[in-house]
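Multiple structures are listed underneath, in structure tokens.
The same chain A turns up in both complexes below, where it pairs with chain B and then with chain C.
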Partner chain A sequence: MQRSIRIPVRVEPLVNVTFRRKIVVFTTTYLLAILGFLLFLYLKGYDGISILSHILFYTFTVGEGIRSLLSTWGIVSIIALGALISFKVRVWNIGLEGQYIAGAIGATYAALFMPCISPLNLTLQLLLGFILGMLWAFVPALLYVLISVNEVLSTIMLNYVAVHLLEYLLYGPWSGTYGFPQTRLFPARFGQVGGLPSPLVAAIILFFIAYVVMYRLRIGLVYRFVGENRNAASLQGYNVKLVLLLCFLISGGLAGVAGVFEASYELGYLSPGIVRGYGFAGIAAAVLGRLEPLTTLFASLFIAFFLVGAYSVHLPALGFLAEGLLLIAHLSAEALTRYKIVIMRGGVY
Partner chain B sequence: MGEYVVEVRNLHKIYPDGTVALRGVSLGFRRGEVHVVLGENGAGKTTLARIVYGEVRPSRGQVLVEGVPRVFRGPWEAIRAGISMVYQHFSLVHRFTVAENLFLYGHHIGLSRREVLERVEKLEAEYGLKIPLNRRVDELPAGLQQRIEIVKALLSEPKLLILDEPTSLISPLEAEALFKLVKRLKEDGVAIMYITHRLKEVPVVGDVVTVMRRGEVVKTIRVGEVDLNTLARLMVGGREIEEVKRPTQRVVVGERVLEVERLTVVREGRRVVDNVSFWVSRGEILGIAGVVGNGQEELVEAIFGLLKPSSGRIVFCGRDVTGLPPWERLRLGMAFLPSERRLALIQDMNLVENMALMLAVAGRTGLLVSWSRVEKLLREYVDRLGIVARSLTMPVKRLSGGNQQKLALARIMALKPRLLVAVDPTHGLDYASTMAVRRMLRQMADNGTSILLVSSDLDELLQLSDRLAVMYSGKIVSLKPTNKYTYEELGRLMGGYEGGMAS
Partner chain C sequence: MRLDVFITSVITAAIPLLLAGTGEVLVERAGVINLASEGAMILAAASAAITAITTGNPWLGFAAGIVVGLVWTLFFALLPIGLKVNQIIAGIALSIAGLGLSSLIARGYEGYTVPSIPSLKDVLPILPPLDVLSPILLVIPLLIHWLLSRTRLGLYIRAVGDNPIAADSFGVDVAVTRLVAASIDGILLGLSGAYIVLVTTQRWVEGVTGGRGWIAVALAPFSYWEPLLVYVGAFLFAGLEVLQYVAQALPVRVPRELLLSTPYLVLILALVVVRSRRLQKRVPRALGVEFRRV
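Let's look at the complex of A and B:
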């Protein structure tokens, strides 16, 4: 033991966390995240304050900005719901990006090659998108449930496969006029519903359903049971693997639905432009929302604000920067509210 | 008495969660002597060993090495002071070769590779051991793995070697080899602390034996001066010899709710449940006694369907349920209360949700959960059982242990099961809650529920069971009405010592 290093710090779990501690810790870490964001902009030679105020102005007052914020909110929150559903049972499906692309591909197939009677075609787009999203999650899900293959790796790797499949289709069989990597316009597209973008309407409906299922129905109870304690659930005689498999698939399916809206509502065609990191944005939103439906819906708005804002100043990477910083701040805050760090003097125990 | 290599004086240990593991233990270990520490679970044997090995700090009391009081900050200091320990569960790196494991440990205690090899050669020569240096650990049988553990512990040339339940994971044949090795070490002047619950081993390896019970030393005596019957009595009954008292003995003759026929469970090549047969009648409490790790856990898991038996049948209410998954057994009326409350209840959910969950699992709620109905049902039990909770919507983890256990039982009572399989239902509870839980179990049995009760608390089994079975290394070694046992006999059976009947 002579050569090993011991750090004289000990981490102790806190039994009772006061409300005051939570408030203090969360506000401080979030403020630090925003300061870090501004510091980064400053180091790159930008005027952070004016960029932030521009983003605020654009997303909340300009018509185009509001419209874009609302539809992005809808799309990100549908993915966040997918993340929430799998994370709550501790299945770390990180491949939502790939499942989202698969969903967009499904929608495109329905739009271009299936009967074009508008309502029917839109239903087909949704259905095919959902199925393709599920299919993209199916192999990792099966491997995970049957032989415990680490789902983080398998899902994340399939993201790249999805991107390449998309490129193959766009440069190959589905390439548009003059060989541009872009399909022709969808004959049938999703539009506004009651003045709101359809992805947002869909998101609100889906969140409502998720809430009712989780907190009102018997299956929801079982679902939360499995999430809280798998061992106990199997001790009570539940088929835990089946629950995990279903959650994994639904999670992928929802990401697929988000892909349908991006292709069919936002763009109206399929192009490499749909790969925008929404899969990861959804994950961030679900974590910031602490895996509860209502809070996740609002966390998605927060994330969407940064994404849209970053596009509006032509610095899309800023959105990811904000996402990452917020995520780190949030996770540290969660840890710091629950644990106390003690500096040790003298002996080791 | 200055000749002790290691001595402990008046050791007390209270764990942070309030468990009292030791209450004033004083012992001494001499050169060239095997000192057996004998006791049931929870007697404090392992805590004692871990204090001597510097892994746990005593709340009060001293550890003296060659007469000098020492305070170890960790095992590495104990090792330098000449104390080594072999754990009950091996601590080798499975995917390393034997040599790599030894080098790793050598590095840990400051030996170079060359020194490690030299010492291994010396040990091989001295004790006639064969050490397959280049084999991977996970390819070796348990007995050999243990030998590597011992060689590892001997690398530091200790004055005191601690062996914690060394025969629990190895075969009888391998145990013979172990006993021989212990004898040779003793002859070479090593002091040995030999922890066990197996009575039979005491005369085979021991020179001195200390019987521990509930954190106290009952007696320390030379092995030649005591017979096993006395040891058995001391181990389970404490100082006084009292006969089993049961106020009322019920003879239950009803339909057989559960029948287990020639059940065998094989785990990692060992027959952990070995050809076990018994039955439980309607409204009967059948207790299963035994030191933890003799197959009780696997037996109940197989009965509830969590473990697949390798052979045998489980018949529940006249129906063969051997191949059914747990939830189907639950729906047929078989309930399971695991020993860990963390598994019995969902700590982050509230009382109502926990109740609803049980009903949902058993298929007693509709598709839509009616929270008001669940709450009404729960309220009924809360009042009847006197569960103290600020509100029904507080998370279960804020309840005291006793109230949690009452809630866990309430959930089961609400199902009105035909059979309850309960494991250590009063584990870690205070006196009042313990008694309350026992009353509840009795009441359930009176209302016609059969109970299969596995407990490491002998008093509990004697108080509750109508008939009592004793398990030892996977077999039921005895099964008869509870009032037909004596403490001594129970101690003998639990220690696996069948000879010398009658007292």
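Let's look at the complex of A and C:
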């Protein structure tokens, strides 16, 4: 079999990647992804162009659309920051969705059962959300650092557990009137800050802090060193395990904070409606932003646009499809800029 | 629940895990972690349900499932093998896209009962009420074990998973071998997805695979990358899945959600338990590493 099948294609690394090549490759792959998306919609009998233009119109001109776009941008980008922090040290925390749900549960506990003096209560919500998000990441993080249990699998499993925990609380102890799976309204909620939705403001502050820590402080250097080469960092005497553990926990905590904003700003109560696949959206945004803070912030806007648009046409699955396609396009584009595909003729190997 | 009903439901719950888990073992032995399996399975399930409902023929549903599972897995495999993209991110991207795509293409097919395949009881009355496919599907891990340990292709697969550079210098085409392993995995994932909708649940619901694709990925380390040991894991998790329904009938009130999350929690526990020096020795040494000729 090996002698008969030969693929006459070779992938060769490029020494110099020109800026022009990057532009051309990225534009074509992204366009191909969007065209594929439209073609799929067309084949399914949806009018893709009018859906897209509706989404564009809705998100950028209708007041409700803009408001929703900005707050979704904030929430998604906070999760994306969590993804970025763990992915940069090559910890694949895929459980952001679960940690986000845990954070929302924490916020709900603070809002419903803790003293309700508005600023104090909001702080408690944030704190409890952050802690619960970290707690949800704690077991996989510990197992990963101590005995290197595959973190991808353990965090994915905990996503499902988090959804079941949420259902348990909403159908059981926290259920609303007539057993409806919805808590009562939070007495204290996050609102607008200076005309902007609070999740977005929080996101901008968090991204600024992350940037400063990563690129302006000494611990940021250690962090990036561990991300680039764990073995070298460990040989230099840095406590690599501690760095990995902290990054894992912080990324979980940030997802929890996003959950706090979804429950306390977007909805004002806890319901199964908070499960909207934001965890995967954050992952997509972080990868599209090439794991750099500034670009990730803008990639999150791009992803949020698709999410809000998909909800506005009542097809939430469209958001998933767009995220997946964009991720694939982006990954292939990154590879295609760095490699050249050579088709070989004749028997020259 | 009667014992025979319990056993047949465990078997029908185990088969999807058995197929997908064996596929994952095979592809990981070739050095590729396939995290796109959830996406491939659910897309296969969706297309199997659509085909079976529109044509009224469950066998065509299986065929559609296999084709879609194969195409999606090859689509995934080409990214790390051809373009050297990070396997984990590529797998997750294709799983997300698969989940979204499946719920879009199968809109409007929810709730329909799919045409079922004949049961063994119809063929011979003394046989158990299992579907006719299950005896064939149950031996697939055996076949894969044979393939891996007794054939030339199996040797190549193990070689590219353990030391692709050495394999390459002996003239084994690393990319082709990995693609072959991935396509067998794709066929098994397609079968598994189709089996879930056509036999286990018998109707399409959004997210019907319910994380079985991820469980299948976890079955690979759980069974020490040994196809025969997949039987243990698959039946263990299928048993847990069915026990939920048994436990709901018990007089002691256990929260339903706790029962539903036990498989996932037990899986994490299992991943911890199988961590040992012996496991470290058995990991395909080039697992997750892209091959570059130096």
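The working rule: the second predicted complex is superposed on the first by the 336 of 349 C-alpha atoms of A that agree within 3 Å, B and C clash if a C-alpha of one lies under 4 Å from a C-alpha of the other, contacts with A are read in each partner's own complex, and residues count from 1 in each chain.
By definition in this document, a residue touches a chain if its C-beta (ideal position, glycine included) is under 8 Å from a C-beta of that chain, and two chains touch if they have at least 3 such contacts.
If you're wondering where the values come from, they're calculated on a predicted model, not measured in any experiment.
When the shared chain is aligned, chain B comes close enough to touch A:218, but chain C does not.
In the superposition on chain A, contact of A:228 is made with chain B only, not with chain C. Touched residues of chain A were counted for both chain B and chain C, and C has more of them.
Once chain A of one complex is fitted onto chain A of the other, the partner contacts of A:343 are absent, as it touches neither chain B nor chain C. Residue contacts after overlaying the shared chain place A:236 against chain B, while chain C stays out of touching range. Overlaid on A, the two complexes show chain B and chain C touching the same residues of chain A, namely 1-2. Contacts from chain A toward chain B in the complex involve residues 1-2, 216-222, 224-225, 228-229, 231-232, 234-239, 347-349.
Across the interface of their complex, chain A is touched by residues 35, 39, 79, 82-86, 88-90, 92-101, 103-105, 152-153, 156, 171-173, 175-177, 180, 210-211, 214, 217-218, 221, 255-258, 260-261, 264-265, 267-268, 271-272, 275, 292 of chain C.
Those residues of chain B that touch chain A in the shared complex are 57, 71, 73-74, 76, 108-110, 304-306, 325-330, 336, 338, 342-349, 353, 356-358, 360-361, 365-369. Within the complex, the chain A residues that touch chain C are 1-3, 5-7, 9, 11, 13, 40, 44, 92, 94, 139-140, 143, 147-150, 152-154, 156-158, 160-161, 164-165, 167-168, 171-172, 277, 280, 283-284, 287, 315, 317-325, 327-328, 331-332, 334-336, 339.
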